[in-house]
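Heads up, the next two complexes both have chain A, just with different partners, chain B and then chain C.
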Partner chain A sequence: MIRLFVRLILRPLRAEPVRTLLTVLSVALGVAVVLAIELASDAAAGSFRSSIETVAGEADYEATAVGGLDEQIYARLATLPIAIKVRPRIEDHAVLVDTKQSLPLIGLDLVAHALDRTSASPTVAAKGELILATASGHKAGDTVTLRVNDHDHQLVVRATVPSETSFAVVDIGTAQRLLNRPGKVDRLLIDAAESLEPALKKALPPGITLAPFGARTEENRKMLAGFRSNLVILSYIALVVGAFLIYNTISVSVVRRRNEIGILRAIGMTRSAVLTMFLAEAAIFGVTGILLGVPLGRLMAEGAVGAIGATVQNLYVSSQPGSIALSVAASLKAVLAGLVVTLAAAWAPAREAAAIAPVEAMARGRKDYDTGIRQYRDLMIAAGCALLAYLAALMPPIGRRPLFGYLAAALLVLSAALATPAFVHAATRLLRTLLRKLLGVEGLLASQSLDAALRRTSVLIAALITAVAMLVSVGIMVGSFRETVIQWIDSQLQADIFLRPAVPATADRFPTLSLGIAERVAALPMVAMVDQFRAYSIHFRGLPVTLGSGDANVVRQRGAFKLLEGDPDSAYQAMLNSDSAIVSEPFVNKHGVHVGDVLQLPLGEQIRAIRVVGVYTDYSNERGYIIMHRARLLRYLPDPAPSNLAVYLKPGAAIVPAQRAIEAALADARVLVLPNQTLRREAILIFDRTFAITYALELVAVFVAVVGVAGALLALVIDRRRELSLLRFLGAARYQIRKLILCEAGLIGLLATLGGVILGGVLSLVLVYVINKQSFGWSIQFHVPIAILISALTIIFTATLLAGLYPARVALSLNPIEVIHEE
Partner chain B sequence: MSVLQFVDVRKQYPSDSVAVRAVDGVSLKVEVGELIALVGRSGCGKSTLLNLAGAMDFPTSGTVLIDGQSTTGLDDTMLTRLRREKVGFIFQSFQLLPNLTAAENVELPLLLSGGQKARENALDRLARVELDGLGHRYPHQLSGGQMQRVAIARALVHRPKLLLADEPIGNLDSATGSTILELLRRITTEEGATIVMATHSAESTAIADRVVEMRDGRIISPQ
Partner chain C sequence: MKRLLFLLLIVANLSAQYRSALPGYRYVFPRDHFDHPEFQTEWWYYTGNLRDTQGRELGFELTFFRQAVDRTAPPATWAVRDVYLAHLALTDITGKQFFHAERLNRAGPGLAGVAESAGRIWNGNWQVKWMSATTMELQAIDPRFSLNLKLESRKPPVIHGENGVSQKAQGLGRASHYVSLTRLAVTGEVKLGDEVRSVTGQAWMDHEFFTHQLESEQVGWDWMSLQLNDGRELMVFQLRRRDGRVDPFSSGTLIERDGRTVRLSKIRMTPGRRWNGYPVEWTVEAAGLKLFVKTRLDQQELVSAQPQSPTYWEGAVAITGDATGVGYLEMTGYRGAVSFGQR
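And now, the complex of A and B:
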């Protein structure tokens, strides 16, 4: 059996090294992308708190409150007559000015910490001192400038702690001073037995959340699940495209060896042995592809982690991308995916090989004819799949996951694959006359050749259609999203100038401006109005949410929020006069709340009932917003420092001089003064960066498909060497043979592009209206980015055409005399 | 006047350590309208001689003249042009393209050379080989004899001066083979085409104007 396998399978593979390599490469890329996304999203999402935990140690519980906890609570807990250990902590972010490195700033009770033997950093830092991670590049004794919110502070490095991720640790008093939070801490870490939980809860005010340590990390992971699963599904596209190519390769292998299989069956080989032989051939591609794909995936993860990390920060939560660990679980997942996809793709042709009767020694034409007959049956099944896809698209999500949406997309891809033979057959027939007129006899022969070898060309075209369709649909989805966001920004960003601290802000990190800045800006002669916006990261029903406040009067006057639900006038009136809020669309989608519902929010130390009076469109993050009137929120969270300011100028005031005046007035503060246009540009830039990874994934899938075209064309050339040689006997010049192969490549590219645009258009509807809506809750207006799509499709078409160059060279290297005589 | 002339032609192929002499000093003149039967055992050099005659290959030494034009020194483009204009090929296994209809197969040489009225000429040629009305059929819908007629029509469609046939009835039963031979004979007489036919069959040699026998790459009869 092994000898037979070597002779019948391995030798032919060795004889066509380029084609073998291209097939292996397609599997390798598919596996690599799956692994890269798995590892990169693990690294990007898995490090919410790891650096802090390393230095500060862990605990059993943590107590937190929106706006921070009063130090007195720390004292109250410490004096409880139960066996607990309480440690206060302040957490924020700062920037090392010399390296512009953003890093977590942690305030600990360092005296108590140094006494704790389990601590990783038994060092005491005095006032004006800090402890840095070695990753920051500084050493003990250095003086560093730390930018916290809108101020720079000089601190001396007391010690360094070995760590690959950066952080700065200061004593809690220093942290309170730097962050301007006198008497407040962010959380209390509590070591206590589980049985003491009721006593702890009783001792804490109702607005303070007591949760098992690490619960927040779990919540963050939960919040990221949707984002992550969409990314993971996208990462499988390259592997699915690879599956088509494996199917094609094994089919070619079976068609070529039909006679051999007939003979082997006649002399005693069993059906199962034939089946095993071809599955083993696929396994060779699979295993070799995996062996190459795993290290490649590890490399690709390095590139992907930055992009994913940026998206996580912009849309969800602060996290420092951790180091990429090639975990056994992730590797196993990629290996299994590679093997399963390879073997599943090979199953049908391998079974067909096993079904070959011993007497069968038929010509290739017969099999293609069979495919021709079956295309109508397949077309009917395709119509059925499309109908099922439509029904699946109407189904609601399961656990906030658009599982039926994914099913609809998969059914549409299957439907397209099944309809491809009929599509190719009809298209080549229709195009035949036109191609002959435009491209001469080579165009005619190319169309006939594709139609005649329908079985293999349709699989190839289906692979390329899938890749193109994914690119088109994601392109339309992102393009629609981008256009919607641009329109939203236009209506949302009404102010002329925006101010914020000159430190990075993320979806859950809201550095504040010093008190008095708003007043200083408002006092400038060209300023008409200043709106102070404050944001807090809070937790609602187990998920992180952003709680914000602004001046409802300004909002009403300027119409910045477009309400989807609720009457604007009565909503803003309610916000001014009662504990009411408007909430963003993603928040509504996540928590299923509507106008009139009452939210129980932990504000300060108490739980407050806040009524929802409106739902507004928002695309700035996926966590969701709850927006209250500033004065109402200040009653419960009295810290008046704003996170940012929106400055409205008087009519006729020019922006640039106003910007300069503000900068001059605030020369002592580290504040970014951004004109409306700059902020818009920045927002679009962030948007584009966010979706860069999806394009990268699509491009890998397209690359795999184009590699597949090259491999499959090569196989076609080798199998049609008699025809090509005969053409030389009949007077075809060398350039005509080259032109013929390039016409075939071009026709494959053209049909795949056409099919891909049709399928992509339909898939984009599923993406925009089902998967996106159910995953993220964003309403997106449909928009086709025509220029981008045309450029992308032109590149794909050209790449497919170029993929024909090597097969054309092989075709030209054939010796017609030898070929005709050996036949 | 000679349509085809070999002047002391030799053809060697490198094979492992020893060069194989497929054609070894052949000189031969073929006149317009002649039907020559090239006979000899397998491997005697018949097919190589046909390839040289058809401008598909160059001689190692000596000269091959097709309609007075030497193939030596011609580049690929010129060889292709010579082949397109002067030569037609008929093969033992018909060598029709399975995905083209009979008419499409026949018009192929005209299309490759950019000739006009390809379909019209193809249908006319098919009619001449008694296949009118079958132009739309694919090769698998034709009998062996019909397939060879299509191949003959294709070989003649561009009105070549020289028709080269390699075992044209080798894959046919004797009755069909006879009909094909009759057709070839008629072509020479009615259209003035010259045919060089490599064959094993006595029936083929019977209709030939001249029989040339080869052995070990040489012509042994007539001397």
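And now, the complex of A and C:
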């Protein structure tokens, strides 16, 4: 059996190293991408628990409050006559000015809770010094400039703590001073038995949230689940494309060995042995591909983690990407996915091989590729799949996950694959005359040979169609999204100039401007109005949300006060005069809230009832916004420092001189003064960066497909060496043979592009209106980015054409005399 | 008098900023039971031998330290003007177990401190609360055990040394102000594990404040508070020198049944059996008595988890010989020399 396997399977593999290599490569890439995305999104999104946790320790509970907790509460809990341990923490971010490195700034009670591995803590507290992670590159004794919000501070590094990720630790008092939050701490970490929870709750004001430690991490995970599952599903596309190629390879292998199989069956080999043999061939591809794919995936994760990290920061939460850990679970998942996909893809051809009757194979006359193709039956099934896909697209999400949307997409891909033979058949027939006219006899021959080897070519084309369709559909979705966002920005960004601290801000991090800056800007002669916007990251029904406040008067007069739901006039009046808020569309979709509903929000130490009076469009983050009038929110959260300013100029005032004047007036503060145009460009840039990873995934899938085309054409050439040699004998010139092969490659590329555009168009509808809507809650206007798509498709077509070059060379290198002799 | 301390390797602190313990100090109670921030170092020690209703023998120690760090710091909430260290220990003599815990805080928003108006000396949820001029409540909570004790002083405060100072070395100011409550009747509860035990017993309070630190040739001390069953108490200490000899400034006080005190300068403390380097059995000759002092449990060493605070032995002892009784023994400087503040 082993010897048989070696002869029947291994030898042919060795005889065609390039083709074998290409198939292995396609599996390897598929596995690598799956693993890379898994690892990278784990590292980028999964490691909210910052390295400071490992240095400063964990706890049983954490108490938090919007706007911070009064430090008195720390002392109150610390002196409660129950067995608890309390540690206060302030968490924010700072920038090391010399290296422009943004890093978490952590304030701890360094007297009570000396940091592990450094005995200098109480001194650091007494002197207002700094402890840095070694990753920052500084040594003990250095003086560093730390930019916090819009101010620079000089601090002495008293000690360093070994850590791969960067962070800065200061005493709680120093943190309050740097961040200008006198009397406040962000969190209290509490060690206490579960039985003490009631006593703890009783000791805390009602607006303070007491949650098991790590609940926040859980919330973040929950929030990111949709984003992650979309990314993971996208990562499987390359593997699916690879599956088509495995199917193709094994089919070729079976067809070519019909005679041998027939003989073996005749001399007593069982069906299951035949089946096993071909599955084993697939397994060889699978296992080799996996062995290459795992290290490759680890490598690719390095590249992906930055891109995914950027997306997470822009849309959800600030987390420094952790280090990539090649976990057993992730590897196992990729390995399993690779094996299952390979074996599943090989199952049909292998079963067909097993079904070969000895008599049939022994019979003279070659029965060629077309066996087993039942176009009409497949077309009917395809139609059925499409119908099911349509129905699935109408279904609601399951637990905020568009599971039926995914199903619809999968059914559409299946439907397209089943319809491909009929499509290729019809298309080649239609194109025959045209090809003959344009490309001469080679064009005709090419189209006929595609049609003749339909079984094989259609699988190949289906693979390429899938890859192209994914590219097209995601391209359309992102393009539509981008266009929608651009329009939204145009209507939303009404102010002339924007100000914010010169430190990075993310979806949950809102550095503030010093007091007085707004007034200084407003006092400039060319300035008409200044809107102060303040944002807080809060928790609502177990999910993070952004609570913001702005001046409703300014927005009403100068900005965009348009509502999707609710009457703008009454909403505006309500915001001025009562505890009312407008909320963003993603917030509504996420929490099922409507105009008129009352939200119970923990503000400061109390819970406040806030009525929803309007819903507005927003694409800036997926967490959702609750916006109140500034003066109203200040009653409950009295910190007046704004996160950013929107400056409206007097009519006729030019922007550039105004920008200069503001910069000159604020020369002592570290602020960014951004004209409207700059902010607009920045927003688009952030958008493009956010979707960079999706494009990268698409490209890998297309690359796998093109590799597959090269491999399959090669097989086609080798199988048709008799025919090609015959053509040579009949007087075909070398250039004609090359042209023939390139025509076939081109035709494959053309058909795949055509089919891909059709399937992609349909898929994009599912993506825009079902999957995106259900998992993110964004309304996107449909828009086809024609220029981008045309250039992408041209590149793919050219790549397929180029993929024909090597097989063409092989075809030319065949010695016609030898080949004919073989026969 | 003596008693250990920490040596927070803190900030330069000039003892010149602080007041020295000089002869002629006039004690005023209850004021002088509370803090004296003009002195650099201050401590309050509560130690005692207890017995529960089932006859289980226990010992406890609850100690509050205050160490001035930086008086030039502005009086902001988180300024580190003083640090407060506290030690808590429970000896389960019958069960042969020893537990101890420590904590360090600054005053902060009320984390630790001394408040005369409220009669409180506290560090987190460990505290002493004066209920009247002669009674106080001790409360201390640890995840493994807790104390809730009521202490009633049966004798007036004892002022050790001469003319209000307990001299530690040759020279003016090289001394401390040292006051004790030598006979405190205890009732209350000790929670050990999940079991709450009603206890009664005898406790001792030491309160000492000073600016002078140990001389460089003094490496540590051995101190005892002995409560004799005849109604008398004895406090003795010796300072040990680097060369192995006993410092001449070692001394003691005998407290008569009626509270009168006798200063003892001729005392003899002879170490006996050792455990882990610490002499856990002693022969004490003072005030015409020869007493054998033996630990009630060998393992009563407080090993500090933090490099800032010292490791020392402090535990319950039993007395036999010319008189019987119970007491507490403290031994420092057996794991490296003791220092307060910066050396």
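Here is the rule we go by: the second predicted complex is superposed on the first by the 794 of 823 C-alpha atoms of A that agree within 3 Å, B and C clash if a C-alpha of one lies under 4 Å from a C-alpha of the other, contacts with A are read in each partner's own complex, and residues count from 1 in each chain.
By our rule, a residue touches a chain if its C-beta (ideal position, glycine included) is under 8 Å from a C-beta of that chain, and two chains touch if they have at least 3 such contacts.
Note that the coordinates shown come from a computational prediction; the quantities given were computed from them, not determined experimentally.
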Contacts of A:494 with chain B and chain C, given as first, second, both or neither: neither
Touching partner for A:731 - first (chain B), second (chain C), both, neither: first
Touched partner set for A:112, first chain B, second chain C, both or neither: second
First (chain B), second (chain C), both or neither touched by A:451: first
First, second, both or neither for A:173, with chain B first and chain C second: second
Contacts of A:816 with chain B and chain C, given as first, second, both or neither: first
Contacts of A:573 with chain B and chain C, given as first, second, both or neither: neither
Contacts of A:183 with chain B and chain C, given as first, second, both or neither: second
Footprint overlap on chain A, where chain B in one structure and chain C in the other make contact: none
Chain A to chain C touching residues, read off their complex: 71-72, 74-76, 78-84, 109, 111-112, 114, 119, 122-123, 125-127, 171-174, 176, 183, 193
Sites on chain A touched by chain B in the complex: 363, 365-366, 369, 440-441, 444, 448-449, 451-453, 722-723, 726-734, 736, 816-817, 820-821, 823
For the chain C and chain A complex, residues of the former touching the latter: 8-11, 69-70, 73, 76-80, 83, 103-106, 108-111, 122, 124-125, 127, 139, 141-143, 146, 306-308
Of all residues in chain B, those that touch chain A in their complex: 47, 51, 54, 56-57, 76-77, 80, 83-84, 89, 91, 93, 95, 97-100, 104, 108-109, 111-114, 140, 154, 158
